[in-house]
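The following pair of complexes shares a single chain, subunit A, combined with subunit B in the former and subunit C in the latter.
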Partner chain A sequence: MPEKFDCIVVGAGPAGTACAYELAKAGVNVLLLERGEYPGAKNVMGGVLYRKMMEDIIPEFYKEAPLERPIVEQRFMMMDKESAVTFSYKGLEWGREPYNNFTVLRAKFDQWFAEKAVEQGALLVCETVAVECIVENGRVVGVRTDRPDGDIYADVVVLADGVNSLLAKQLGFHREWRPDEVALATMEILKLDKSIIEDRFNLEPNQGCTIEIFGDATKGIVGTGFLYTNKDTLSIGVGTLLSGLIKHKIKPYELLEYVKNHPMIRPYIQGSEPVEYLAHLIPEGGYHSIPKVAGNGVLVVGDAAQLVNAIHREGSNMAMTSGRLAAETIIMAKEQNDFSESMLDQYRMKLMESFIGQDLKKYKDATHHFERFPQYFEQYIPMMNRAASQMFTVDGLSKWEKQKKIWRDLGSTKQKFKLARDMMKAWKVMK
Partner chain B sequence: MLHIVACIKQVPDTKIIKMNPKTNTMDRASAPAILNPYDAHAVEEAVRLKKEYGGIVSVLTMGPPPAVKAIKKCIELGADEGYMISDRAFAGADTLATSYALTKALEKIAKQRPIDLIICGKMTIDGDTGQVGPGIARRLNIPPLTGVNKVVEVNKEKGYAIVHRKLEDGYEVVKSQLPCLFTVEKDINDISFAPLPNMIKAARYQPTIWTADDLENVDRKQLGLKGSPTIVSKVWAPPKPEGGKILTGTKEEQVNELLSIVLQKKELFS
Partner chain C sequence: MMKAQTIEEKQYLVRFNADTKSHLHVLDDNICLTKCPDKICTIFCPAAVYKWEDIRMHVGYEGCHECGSCRIGCPHENIRWEYPRGGYGIVFRLG
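Our next item is the complex of A and B:
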């Protein structure tokens, strides 16, 4: 007779592990399944981990977790071919407790986090793929794995199986994602001396910097490039909507090479040596793409539920919080011994009331807007660069003359109206 | 009921390990620790024999606390019990001291349940010596059968085992008394895909851990660095092979040039 657990969590990423941790802590008998050789072996993240949501689960985790650098500066580059308008915020308060966020290498961090869940009493089984949910009488009662004697049962199954979530798809919770609902991120980890990193990015030891790059980093496709500082490596990557890559017939690795060789980026990474190459899909459909997240005996968390805020590059924090909220719901369901959809649907309500639902709602049309109207990335960023160049080049022209020139560069009256309208629309989808 | 003990070791994955260019020693942090591949085949064979003849499979290792992971891997493969000896006193052991410590642990295991058969991997991939298995057999005064690539029969009632030993030009069939010790080749079996209940059992499993004090009649002078006569006087990396010559030109030119080079190397035809 196969063993029965209170709960099976499929996937030991931030969402699944957070859920398993909280459940085990509450004394729930939980099995955490991971398909990789170890947690963190299969996933990809640019590398920013937010302190608050992690601390909701493990207070003062930063005293022992394998983190790279606390981020004290966030730069945003609006980049053209040979120029960039950059703005940044650097605050040393972020370099002290309680910190704001950290760069991390997920292969290390996820292993540590999963060990913490195991310490709480969760049972972690790796190298095991859950191939489908076992459904009896319209209820999920367990999962079937790829191993011999691989069926395993539970009162409730949590699907934390990542962006494609084949298990939720089999249950009919969502269809195949459209190319404009997922981004493809490709990145490299580049080895570089600690002291060189600190010199180049103007950092003290144990300070980190992130740079988000818009415009030419993605050749005008909706998406961003990024460059993050780790202890003795840099994470560089580029993520664009799949639809954009298809439309422009650009291969993702070509885009990454383009960014790495871009004259505005090259100096940062000069002399470094690639040690790892990674690529992964990221769910960026936002609010409109959130699938059904609760059913009879089943919950969906993290990337599997499309919980990513593409505008603010937040994902792991939403994953962790969704895992925690799912655990709270399961603990309540267990007390009442009711794992029906109507009971578990409280998870969806909690999710929507939290910052996750609120933030995704705020930006519900944002990515879709920028994808529909490519002029923002293709035209307005270069325009902004030309204006800055014009204004700050000292060539004997009066500043009035310069302003007139910049104004003329915006185009005909009709084009100016269009620009104004586009700015209004952008404000509307972002506000 | 057979009692088979497989002796195993956790090793750095030497396929991907980096060498420290200054000291020519392994940078252990650069590679994950894995179950020595030959030992996986030893455990697999023990489990196969258990299925065929009935019995119990125990595994034994000596190592630092993280080596528990290697024992768990063996439980996944189907082993029933795991024993580990772990103590600072064992640190720095060469093959002589290692086989001594393992023998003492085997004696303790045998007191609880007599051992019929010990199976070791042919060698570890970090040391490549293949000495620990025979060392244990010698100390226990049982026959060592090295290079085993097939077990034909194990007969506990009549007290013998028949195996194939791999030789350079074939194999020999050997019949030995029980108990005895095998060291096995990789081609003895294929590692099977562990069933889920084994995975769950392994995730929960905590092996029996003994320190030097837990073992009986131990001569501490024979443990660890003190008991290791091996001296490493120098470590060096083998020279890198020189790049070969690449022939250019038309096909005919290349063939002609190749032939003239080959014909010059007369020793090839002697």
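Our next item is the complex of A and C:
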């Protein structure tokens, strides 16, 4: 291993690999470090990969990447104990080029993506932990790994070390995350025949469906459940803020069992065989939690920089775009041979001008709002279910009578005002 | 009846390449004993790594998913959390 590289990227997930790919393609001498046995060995995601941001890096990747199914339908269930109000959009335009998004299994996909970076000339070294950044005279000059004689030097280090973001924390770019800045997600991969999946989810071969589940999936805690179709498996999971699990003293795997056995969910997964169980944190602090992302000789990308839009379950796309923007900045810095913070800070500006900064800003108060005011999940979703049941149950009552009953179910005048105020507030944090 | 209901059954589905020494350390069992009636890590840990044994916290690091929840969620910052050595620890095969 040569002693010095132009750039060291720590972590071969979507952010780090995107960055290494772009750098190698531009002829930059880049080392991609991964602590797992292979890229993807430590990585977990519900499973939705967005076409646009991936194609910004590798055009027409979908012709060769290991993908599961292109998603043609996205459902949203507002679930109560024995009922659900469901919204859905299904569009066949998503089932053909240019596609919208795909389900993927990360262990397969991340390996493929990292191999593509290697083809471009990146050096991938697995089974190596970067334990700290080497800092000299106020600038990051390399990383210390857990290998013997494991100090490696570079002009610039990209921290793509994931949600725990230990290296940026060591540099003082952020404090330890709070339990309300991360969501703990557990999930299982369930094996099920292709044809059964297609029958149950109303799909043609090579079409996929995603279901996001709100309300009773998390027993009213802020969070969501999800159920995604892969080729011959399903991914089912549930994520809630860590602070919610602590407050309600809930075991995450018991919550996952609760979702799997919920009468609205169980028929989808009946007869399937669990083949893997996974747990991971998701950074959900949003805009307010984005740390310092550029310093002297160092950049922070992806989950490590809290780049997740929890409301729209987008993260891998932000990871890839942030990796690409970091690479652009490094290429510019290399041309001018200036890796100072003031130079690298252009990455932060690019990030904030892109959809990443814009979307995170748009929803900057959303997660906190729904955490502070549990009535949305605890009361309003069940209320919505009761209203739908009342309106669509034919029992001889006139529709006017039914509307009156629904109106009465909203509670006293005071409660109705509160409801109206809450709806306004929800609009304000989402608009 | 659904399969793999208990955490023990779920953990059997996962591949681990356990190191011989732990990457997780409870700094002071006495803090768990005297200051932490809930022992909340024994509840929120998704792999049930932490088990309270009368006066001390048993840490089954071999089954850790390396998520980081215990480090962030411990109300007394009483857990030292590192990554396992390169190549060791959990090995996800699919998701």
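Simple rule for what comes next: the second predicted complex is superposed on the first by the 429 of 431 C-alpha atoms of A that agree within 3 Å, B and C clash if a C-alpha of one lies under 4 Å from a C-alpha of the other, contacts with A are read in each partner's own complex, and residues count from 1 in each chain.
In this section, a contact is a pair of C-beta atoms (placed from the backbone, for glycine too) under 8 Å apart; a residue touches a chain by one contact, two chains touch by 3 or more.
Keep in mind that what you see is a predicted model, and the values were worked out from it rather than measured.
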_Output check: A:Arg35 vs subunit B and subunit C. Expected answer is one of first, second, both, neither. What do you get?_
second
_Looking at A:Glu3, would you say it contacts subunit B, subunit C, both, or neither? Reply first, second, both or neither._
first
*Pick one for A:Thr128: touches subunit B only (first), subunit C only (second), both, or neither.*
both
*Would you sort A:Ile189 into first (subunit B), second (subunit C), both or neither based on which partner it touches?*
second
_Just checking: does A:Met45 make contact with subunit B only, subunit C only, both, or neither of them? Give me first, second, both or neither._
second
*Applying the touch criterion given at the start, work out whether A:Thr145 contacts subunit B, subunit C, both or neither, answering first, second, both or neither.*
both
_Per the contact definition in the header, classify A:Val275: touching subunit B only (first), subunit C only (second), both, or neither._
second
*In the superposed model, does subunit B or subunit C contact more residues of subunit A?*
C
*Residues of subunit A at both interfaces, subunit B in one complex, subunit C in the other*: 127-128, 145, 147
_Help me check something: in the complex, which residues belonging to subunit A touch subunit B?_
2-3, 31, 123-125, 127-128, 145, 147-152
*Parts of subunit A lying in touch with subunit C, wherever the complex brings them together*: 35-37, 40-45, 47, 105-108, 126-129, 131, 145-147, 163-164, 166, 176-179, 182, 184, 186-189, 233, 235, 242, 245-246, 249-253, 257, 260-261, 266, 269, 273-281
_Interfacial residue positions of subunit C with respect to subunit A in the complex_ = 2-5, 7, 10-11, 13-14, 17, 38, 40, 43-44, 46-48, 65-69, 71-73, 77, 82-87, 89-95
*asked:* Using the touch definition from the top, list the residues of subunit B that touch subunit A in their complex.
replied: 193-197, 199-200, 203-204
